[in-house]
Structure formats: structure tokens, C-alpha cells
């Protein structure tokens, strides 16, 4: 119940090939996060899984059965649309309850589930409003609520928290994790938020331009990215890529994450000038223009005062540098 | 050119008071970020400034002139809607160019500006598509592009980057900062992203339930929040609030940010049990259930291995704890 | 949407219902057209059978072609219909936009006023209209017909279009306003393209009574130069003798242009025209 | 929009309204008003004399008029009921079927079903009289095929059936109108809402009832009021099929035919524009009443959704 | 400069005749005058003409319906007084009566033609069944019974759907024999007789009997249906107006004959309806009155009468100068003028001026009687009640 196999799925809109052969196996109860640059095909893949879009070729297998001919309603899924797609004529409560009512769930049970979902999403005060009377974040929460109450075996979330504030986002994220544990449902989750991806995923799928770049556990991707793309995509601020030649290395590119650089005013591997410092409170990003390494970002824990123009030395942690070949693959 | 005064603006939808008297002064060329929990009235305030919504009372003054009677088209503003509000029947290019064409901008100039905007937003491959054929993030970028090409004196951005991936978000954020410098335009920017708020803002306005909680520079808010709400809202993960009584303090509540706690396996101020550890790659959030302080979050730079159930001691940095009175106000 | 969203029984059911209704809708029409190719005796002798070599007769069509300049009549009908349609759609959409978009004093009264026209048969005003046309020297011109049909079509157009225009997202129009578009540009560039399906609907509803109208051509423009097809076909409706062959032929012919216009307009009935606009 | 004291005058509203209002007023309203006011006059020795409400008193007081009026009104109500019960549901059903995405041949169906609507009344009258005629055998033969021949009667010639038969013919002719309006309305429902419903398990009929119907309710309102207005103004079909006397024995007489006879006269009956105008005024008031109920009670309560 | 005259007419049927015969004949004699015959559908004619006259865009020459319709136009000043038009002397007072004021002082239309009612029958069928042309009611029903018994033919082709067929071809056709033509009609107008009198109810009683001889579903049978039924040879007898002759001649593939309405018993005087039906007047607002008068004078001439009556057999000239007609069936009809007494339709003069309109009611009731939904007595009572409600005959 809830396993999913995607076998060589391709999807083209006219001449534009959006999915270029996706193979993915999701076991029952897994929490899989899709990440990838905007426009890489994440939503399209979710829609193919849901049955809202036909794949041009390939198969989608849910629980061992090829579902190409199964309508979305019969696939046992719930989906949070990136665009919400709320029912404009129904109140928040009915937006959430409609699917259950259709399924013949007893009224008491419907009310109970709506109660749980709306308290989890802080939607109680808005239960009798219509979508047009809600703020963007509230609408997004209704969309989540609508999916959540159905308690299916397979959830598809398309950037469900993008319009929520930080506090609510953390809360909701925890609630989703809890829901996942409670229902033992399989969840497929698209996000652009690194924290969400890292904290929620059993498995992260990195997509790029319609292809899967790498699949793995969060820390696995962070620690051993398969290639330059994944290395750059996972982690924020982005990994610094330095031309291997300039550093006298054999590798084409050397990668080092901002957090794996230490700075010192006196000495270090790379001498550079401070271009700009971003103060985020808990940490500071310092942009250094280095003689040897070009423009790099250094992430420093806590508040660090660096005046633009000052000279600083950055030193990479040698145990945590990555070496990439000409094809972008990591060199072991 | 581009200054903005909001004087005691109130807005009610029927019985629901959404803005409860907002006073705000924005000088010309300032970059002001609105943050606040979902549904607190940020979009509504932007819409009042744009003239799309009548305030129930109060005045909006742009460049010294009361604009209550000025239609939106005459206010010299550009806006990115939270819902995008793209012209569905026009191509990306025409979506961006329509306003300019209306203003009688020469075709060459229009093309130039669209060229700049679309390269800044990586939209070049999509210029002849219609919104329906774009991904969520691409739509959002079109919405930004449409505002950007007009180069007005006052920009209103409503969560413009929420659907973009981290890399693109950083890029676009930098481009917006650059645009701000180049045009010397006033910008009002709504976001839920702490990094955006901290890095872009000259001034952050924290809204809560239709009221302004605090106005100040990013680090000012981080370092000296006026009250519990702001303290909790700025910074992620959220500040830990501990019952003052339990710690034997006179203050009602003691606040300490997760990044201002250090952990040690042997000794420390607060003994606790690890509940859960979130590995984000660059840092780790450890949730501790402390005897004295209750459930707290500790943010540790880098990878930190903490098994749930293990005992850890957390110690707050005494210089960086906050004390809040019963009314939530900070005690100096 | 995907193929998976279609279920086979439901598709079959839909086709069954539609086919049945199509048969009901077309049967009488087919009878008319089939019989227009038969001799009179065969029409009434065996109306159900298709023309056989023995009963095949183009007498209807030859009569029609022989009697009067039907090509010219077609042209007149077309000019009148298309011109009236243009004005009805333009003026009607403009007024509908004003009524649906702006709140101003007297808005609903104006709406009611503009709807009055569908409540009284305009035929009653014939004498006054004719007097007006006589006074302005427009009798026996197509202009007279175009004016009358424009006025006649407006109420319905305004009524329907204002309802549909209320559905156009405010955010979209507001985005236009913020973009500095004038109200006119908003109307022409944003709203009109987005209500295309309803414009097409109104076009079709307006066109049919105009094309088929007998009365005003008879009153306002009965001259040979300005005769419309319907009026021309009427020649064959006699007092005691009705030339059914010719009537059927003339009217069968007259179906074609409207059908073509209909097909043209109904291509504007397109799905998803507003998708991708807002989230 | 902004409601401020010194808002500039919104000329554009006037510009948008002006062409329609001018043409419509000059060519429709003024002439019609001129005609309706005749109801307050009476032609005495070739000159119009003001008689107040005398014509209305006659219309309702004189059985020669009132019997016919009430008969026509009653028939008209029945005519309307049949349209509401048959035409509009069928129209909505067809539109709903046609709008199912990816339905093959839908353009063909749509065109075919609309064909009757574009026909002139002459053809409609001819075709149905031919089909229903007991003489030429179309209907009897067809019914024979399905073994229902015994049910055949000359419907158009029997007082008890004629009106219903004609109403059904009119339904046949005009189903295209609600169909097309509803179809246009259905097209404007965003695909994504439907997709969400599909995922939610709301498919088929319940999708129609629970999602689509509420969203097109304003259009249903429109077709109802248009049916009402159209039916109470109807005239041509009865006139071409049954003649101005709306036989047999006035059983198909509706307000339109009654008005026509009175206003324009018929055969030896000389037209009486004054009484005609009085009847027209009554029709106008009935329709106006219906439209006002719709505009001010129904329409304002219908929720509209923007897409 | 040529003058162009427009003729308003409801006779679309005659378009070809006007175009090919009458107009060329006139134009040949009157260079400088062009004539355009512009008919409209008969059902729209009165309304359209009324509107055009009121607004001043009507044609110069107006085809006149008989009696009140035209009288009304004259009273409104739409039709010019043409009492003194050269050519009017060609018509008898009876002929002119349909287009004169009640006092007979002013004439406003040139009489063009009358039509005669009777029965046309399928001679082949009669021969085949050995039926003699009936002259009395008894023979008439005997013939019908015989046809019905045989079953090859529908005895009589008539339907009630169009109402007027029942009234005009039925009631007005056979009625004069009962109410004694002009005598009864005049008495009715004077108020000396009532429609409920036996003489007036009797024709309804006859009509009620016809029901059995009509085709299946005659209730829904229209007038063109009846024509087709007869001309396609499926019916034996057709209650007719003489105007059918032209059409039937071209359409029927069998020999036809005609007989006048049968009398009650042998030896009774026979009466026929010889109804003044069509005239032509001058639009008082015509800008070409002189040319129009020239044309009207020509219409009043024997020349016109000859062309018209021969081109349209069954429309009999009202000109005092006898017209020689070629068509045998037309000759048959017109020959009854000598044998029988002529009258016009009972409802046309004066009696249809009020509300309810006697003519309309007669249509409805005639159909009702044949359909069996009203008894003859009930029908007659309704008509008389209606008439009484407004008609107060000057005593």
C-alpha cells in the first residue's frame, strides 16, 4: 500500500520535452522530496503521478499496478497544488470536507478530521470563509488541509509551504512529519526550501532539466554529491566552485561549501578582499574576492563584522573539499 | 519622488478589521521589508498603497500628495501580486511589454528592457509562451519582470520569490538589490524569508494582526527586538522562550536564540535529553527537553551527531538573553 | 486533462446521449434538405425517402435561381448581419463593461434600462421606426436595417456580457491598472480577449434573429437592391399556393451562410483561456 | 474602487455607455415608448383621444378581451413551464456532456445540435407540420417502427395536445441557446479546480452537481430569465405553425399572438393599436416584474467567482 | 423622366403574371411609366402595409382587401377617392360595393376579381366508381358514402388545422343555400335574423356530418395538405374556391370537374358565394398620382380584365364587359352565375367590425364543429352572443 514505481517516464508538451526519462522507486511509507531548479519538471512529474497529465511514454506503477488507465480519483492520492486550486464557491470547511463527503465518510468523522487539520494549520477562525476572503498563506493552508483530511496512502505536495511565514512553516513542517509517521503514508514533496528538504526527507530526488541528477538521503547528498550540479544545488548559500587550474589542482573544479571555509584576518590559504557582508543574525555571509579563487562566499556562525574592502584570508577545510572532473562528476 | 507616508490607515472587510491603524514613513529610495505572520495584513496594506483597495480610514501620501483620489494607474507604482495576476492571453513578452507600450515607450526601448529583465530572471527561453505553459516559478518570474521593466519610482513586491529555488532566489534577490541601487526607487517588499528580509532591507516593518509591532534595521530587530513577538518572529529557528519563574528570574519570560546556546555533553546550565536532531548540512538543530527550561532548540554550526535520548547540557550566552515582562515587552 | 480522467462507460454514455440528441436535432432538418431535391409529388408522396432518380428534381433550386437575384440577396443579408453584429458586440461589450466594472450611481437602473428592450417586441415600434427612417431618408437602405438590428441586439448582448464580465478576475484588471493601462486599454486588451467565449455566444444569439428576420426587411428595405434572402424566399409563400420546392430550396440555401458564421464564431469557444492567470 | 471625495469624474464610464445608450434609446426605447403610450388613448373618429386607463379597464372588464387575455396568459405560463422543465435541463445536460475534456466529435455535436436554432421559423413550421402530419406518414411510420403507432394522434390539431406539442417543438428549436450559454460558462471554469476535484474523488455527476453547477449558477440564472422573457414574448413559432388565430379553438394562443391580432389586426379584424398597446403594456409589466425579481432578488444573491 | 409606380400586394402568387404579362402590356401602351409589382407574404401584408402607410413609405398602388379593411384605410385618408376615375363606369354597383363607403357615395378601389365557391372533384374517380355529379344533399352524401365504402379515395379533402379552410370552403361554401344568399345576409345585417336561426345553424349541422368523410387526422391537416391530397389523386372531392383552378390544372394528373354546393332538395333555387375579393386603390400620399390613375384606369379596362382572368383562371373579372375565358373549369364555375343566385360571404360586410370579430370566430367555430368539439347549436350561439355584444343593428 503506497509504493510507487516510475519507469522511464517521459513527457513532452508539443516539441518541448519536459521529462526526459524518469526512473524512480518509492517504497511504501517513504518520504521523498523533489528538489530542482524552477521549471525542471517537478510539478509535471507530480501531475503525471496523480494522473492529471498523460506521460508521453513510460509507466507509473502504484502498489504494483500500472495505473495509466486509472483515473486520479481511483489512485488513492491527495495532492496539494502549487496553485492551490481551491473550490472558489465553497467555504474553507467545505473545501476540506467535500472529498470526504463524496467518499461517504460519516459526518462526525469528517468534522473530527477537519477539526484536527484546521487546528494543525491554524485555520479555525476562517472555516466559514470562502477562498476569495483569505490571504495567500491562508489559501495555501486550506490547500494543505484539503489534502491532509483525506488521509490517503500517497500524498503529493507541490511546494506546500512556500507562502507561509517562518514560524508557521516550521510548525506545519513538523505537523506533516508527524502526519507521515501517524498515517505511514507515502509522501512526495516538492520544495525549494533547503531546510524542509533536509529535515523531512527520507530520500531527496534532485531533478534538473527533466532528468534525475541524484537520489539519496539528505546528508548523503550534502556530504557526497554525485556531481557539480547537486553539490551546487544542495546547501545554501551555494557551494563555492573554484577553477582547479588556478589552484594548481588536476581536477577541473574544486568545490567548497561556504560553511567549510574559515576566515582569519592574518593568514590563510586564499587572500581576498571583502566585497560585501550579509548579516543574517545567526550567521554572516561574507563575500570575498580572492586572488587565487575568485569570488567566494564564506559563511560564518554568529555576527562577524567585516568592512567591505578589508583583507581577509579564507582557508578551506581540506577534508571537506570536493573535486569535480570536466564532465561535472565528482572525482573520488 | 518615491516617498511614502501612511497615516493611521485602517481597513475592514465587513466586520473583520484587517488593518488597525498603520502609521509608516518611507523615505525616497528606501528599501522597506514587511514581515509578519500569514494573514496579518501585509498584502492588504500593499493593496491600499497601490490604490486597489480603499482604506476604511486614514491617508496614503505619496510624494507629499494625498493619493486617495488618484487611480492606481496614476500613482507611478509597479506591483508584483502575490497571485501573480498575469495576463493569461498574452505571451511572456507581451505580459512584460504591455504597460510600456501603453506608456508610449519606443519599441526599441521596450525590447531592451524586456531583454534585461528576462535575462535577469532567466526567462529568455519562454518569451513567446503564455502563462498557462509555464511552471509556477516561471510565472512568478514573469510577474516580477512585468513590474521591473516599468522602472517606476515605487515598487511593491508581494512575496516575489516564494516559488523560486534557492539559487535563483539568491540571484534574483541580488538583482533586485542592484535594481534598487540603479533606479534609486523606493521598494516595499513582503517576504516570509528571513534571509531576504535581513539582506535586502534598509528597514524591516514587523506586522502582526493588523498592527505594526516594530520598525527597524535588520540587525536592530535581531539584536534588540521590542517585544516577545518580534523576538520570536525574527530569526529562524525561533527564539526559545523559557518561563522566567522556572529559572528563578524576575522576568516573566526569558528568551534565548537557538544560535546563542552552546551544548556540551558533560556540563552546562540546563540539562536536557535530546528529542530530535535536524541535520541541515551546514548546521544542526538539536531539540532538547530540559529539566529547567522545557523544550528548547539549539542550533549548532556544522554537523553534530546527537542521538535521541542522549543527555546534553545547554548553556545560554548570558550576553544574548532577552528578558520579557508580562506584557511581552522587553525589559531593559 | 489526461486520458485517465475519462472513464469508458461514461464516454460511451455521453456519446450515446449526444448521438441520440443529434439525431433528434438533425432529423427534421435532414427531411427538409432531402425534400428540397425532390419533386412536389415526391415530397408529399414519400417524405421519408431520399431522392431517387425518378423523384430527383432541382425545380426548387432552379426556381430560386431564376426568380430574382439571390446572390445579391445573400450579399445584402451578409452585410446587414455582419455589420449589425459588429456594432452590437462592440457597443454591447462596452456598455456591459461599464455596468459590470464600475460602481456608479444608477448602475442597476441603467442595467435595467438597457434590458427593457428584450421585454417588448420591437415590432410594435415599427411605425415610429419607419417614420424615423423616412425622415432621415434611410428607407430602402441597408443602413436602416443595421441600425434597427443594432438597437435590437444590444439589450441581450449587454445582459449576457455583463454577467460574464463579472467573472474576469479583478486582480487581472488591477494588474493592468497598476501597469498604467487606461480603462479603454483594459477593456480592449484584457477584458475583451478574456470573454471571447461569451462574445461568441452573444454573436451567435444576435446573428440568428437578424438573419432570419422577415419583418424589418419587408418594412424598411423591401426594394430589389436591398432585399435580404429571407425576404426573397418569402416570395414563394403565396396566398393560396405555396411553392414548397422553392421555399425549401431557398431556405436550405439560406442555412449555409449562418451555419458557416456559427462555425466561425463557435471556434472562439475555447477552454482554459484564463488559466495561468492567478493562483 | 477608491471612494474619495475629490475623485476625478470618470468620463470613461460615459464613453463606454454612450454608443449603446444612444442607439438603443433612439431606435428602440423612444419608438417603443411612443407605441406603449397609445394604450392611454383611443381612436375616436380618426383622432387619438386620451382615455386614461379605459383600455385596461376594457381589457380586464370586457369578457370579449379578458377571456382571451387570461387564456393567452395561462397558455403562456404552460409554454414557459415546459421550456423550463425540458429545454433548460436538456440544454444544461448537453452542455455538460459537450464540455467534458477531450470528447471526440464535440465540435460536430455542438454544431449539429445547434442547427435547429439557426433555422427560420418557416422551415421549422414546415418540417414539423410535415413530420407530425397524419397524411404523409413520417411520424406514424416512425412510431410504427417502434410499435407505438397506436399512440399517434394529430397532435397539432387537438386542443388538448397542440400547445404542449408546439412547446416541445420550440424546445427542439431553441435548446441550442441554453446549451451554448452554459457551454461558454463551463469553459471558463479553471482546469485546475476540476483537476483538484478529480484528485478528491469527485467525478462524473457529483463533479457536475458539486463543482460545476455552483460555479455556473449565474449563467443558469441568465438562461432562466432569458427563457422567461423569450417565452412571454414568443410569437413566431405559433404564428407560422398555427396561424394568428392560434387554433384549434385558441388552445395555442399565447400573449404574443393575442397581441399581434389586436395590434396589427387579422383578416377582417382591423388592427387596434390602442388595445394592442394596452396588451403590450401588460406583457411588458409581467416581464418587467419577472426581470426585476431576477435582477434585484436573485441576481444580487448569486455569488460570482472570478477566474 | 420615367415615373415608377410600386404596387403593394399580398399576391406573391401572381408575381410571374404581373411581370410577364400585365406590366409589359401596360408599359407598352404607356411609355414613361414603369410599374413594379412588390408583393409581401399574405400573412404580413396588412400589418406591413399599415405601417408603411402610416410612415409614408408605401407604394403608389395598393391592392385592396374587400370591405372593412380597405374602408378603414380610406377613412384614415390612406386611400384616395377614385369615384370619378375613368373606367369606374365599367363596374356594376354590386361589384363596387366591396370598396365603397357604407353610404355608397365614395369608391376607393377598382374591383379586380371575385372568387366563387363550389366543389372540385376527381372525374376519373367518379367515373371509376360510377358516381354521378351530385346536385342535392342526398346525392352528395350518397356519393361520399360510396367513395368511403370503396376505400380507394378519401371522400373529401379538407382539414381543420388552418381554420379558415373550414369556414371558407365549408361554411361559406354551402351556407348560402340555407340562408338564401343575399336575402339572409341582408336580414342578418338588419338584425332581422340571428345566427341561431335554423337557416344559419343548418350549414353547421351539415359540416358536422362531414367529419366522417375527411381523411385520418384531418384535425392536423393544413390547407396545402388538402390541396396536395387532392392533386396527388388521393381524395375524390375538394371543397374549393375557384382560385384553385390555376394550380390544380398544373398539378393534377387526372381530369377534374366542378359542381356548385348541392341544394337541400331537387328543384330548390341554388345560391353560390361569388365573393368580391380583390381590388386596387391609389395611395393618397402617392407622388405619382397621375400616372397611378392612368394605371388604375387601365386596370378598370376590359383589356386588363381579359388578360387577368385568363392568366389567373378562377379569379373572375368583375368588369361589366363579359370576358372570354379559355379554361373549361373556370367556365364551369362562372356558368353557375347564370343558374344560381350570387351572394358574398356573410361575415364580410359590416358584421366583422367589432370585437369579437365575427369572421375570426366563424373560423374557429367552423373548425370546432367539424372537429366535433362544439355542437352546431353551441357554435351558433357563441357567434350570435359575440355579435350581440357589440353589434346593434339600426332598426
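For reference, chains read A, B, C, D and E in written order, and residue numbers begin at 1 within each chain.
FYI, contacts are C-beta pairs under 8 Å (C-beta built on N, C-alpha and C of every residue); 3 or more make two chains touch, one makes a residue touch a chain.
Keep in mind that this is a model prediction, so the values were computed, not measured.
Novice: Which is the least count of steps on a path of touching chains running from chain B to chain C?
Specialist: 1
Novice: Give the chains in contact with both chain A and chain E, ordered by label.
Specialist: The shared contacts of chain A and chain E, listed by label, come to C, D.
Novice: If every chain is reduced to the average of its C-alpha atoms, which one ends up farthest from chain B?
Specialist: E
Novice: I want to compare two interfaces, A-C and D-E. Which one has more contacting C-beta pairs?
Specialist: Counting C-beta pairs in contact for A-C and D-E gives the edge to D-E.
Novice: If you average the Cα atoms of chain A and of chain B to get two centres, how far apart are those centres in Å?
Specialist: 20
Novice: Distance from the CA centroid of chain D to that of chain E, rounded to the nearest Å?
Specialist: For chain D versus chain E, the centre distance works out to 37 Å.
Novice: Determine the centre-to-centre distance between chain A and chain D, using the mean Cα coordinates as centres, and give it in whole Å.
Specialist: Computed value for the inter-centroid distance: 56 Å.
Novice: Taking the mean of the CA coordinates per chain, how far is chain C from chain D in Å?
Specialist: Distance between chain centres: 15 Å.
Novice: Specify, in ascending order, the residues of chain A that touch 2 or more different other chains.
Specialist: As it turns out, chain A has residues touching two or more other chains at 51-52, 71-72, 82-83.
Novice: Among the residues of chain C, which ones contact at least 2 other chains?
Specialist: Expected reply: 1, 3, 5-7, 44, 127, 169, 171, 182, 214, 234, 237, 244, 272-275, 277-279.
Novice: Chain D: which residues touch two or more other chains?
Specialist: Residues 1, 135-136, 190, 192, 195, 198, 203, 305-307 of chain D touch two or more partner chains.
Novice: Enumerate the contact residues on chain C facing chain A in the complex.
Specialist: Residue positions touching the partner: 1-7, 279.
Novice: Taking the touch rule as given, give the residues of chain C at its contact with chain E in the complex, in rising order.
Specialist: 40-41, 44-45, 67, 126-127, 130-131, 133-134, 139, 214-215, 218-219, 222-224, 234-242, 244
Novice: Taking the complex as given, what residues does chain E use to touch chain D?
Specialist: The contact residues of chain E facing chain D are 43, 46-47, 50, 67-69, 72, 75-77, 159-164, 215-222, 225, 228-229, 347-348, 352-353, 355-360, 363-364, 367-368, 371, 373-374, 386, 389-390.
Novice: Which stretch or stretches of chain E touch chain C in the complex?
Specialist: Those residues of chain E that touch chain C are 10-13, 15, 36, 38-44, 47-48, 50-52, 54-57, 223-225, 227-228, 232, 241, 243-244, 246-247, 251.
Novice: In their shared complex, at which residues does chain D touch chain E?
Specialist: 46, 62-65, 129, 132-136, 153-159, 239, 242-245, 247-250, 260-261, 264-272
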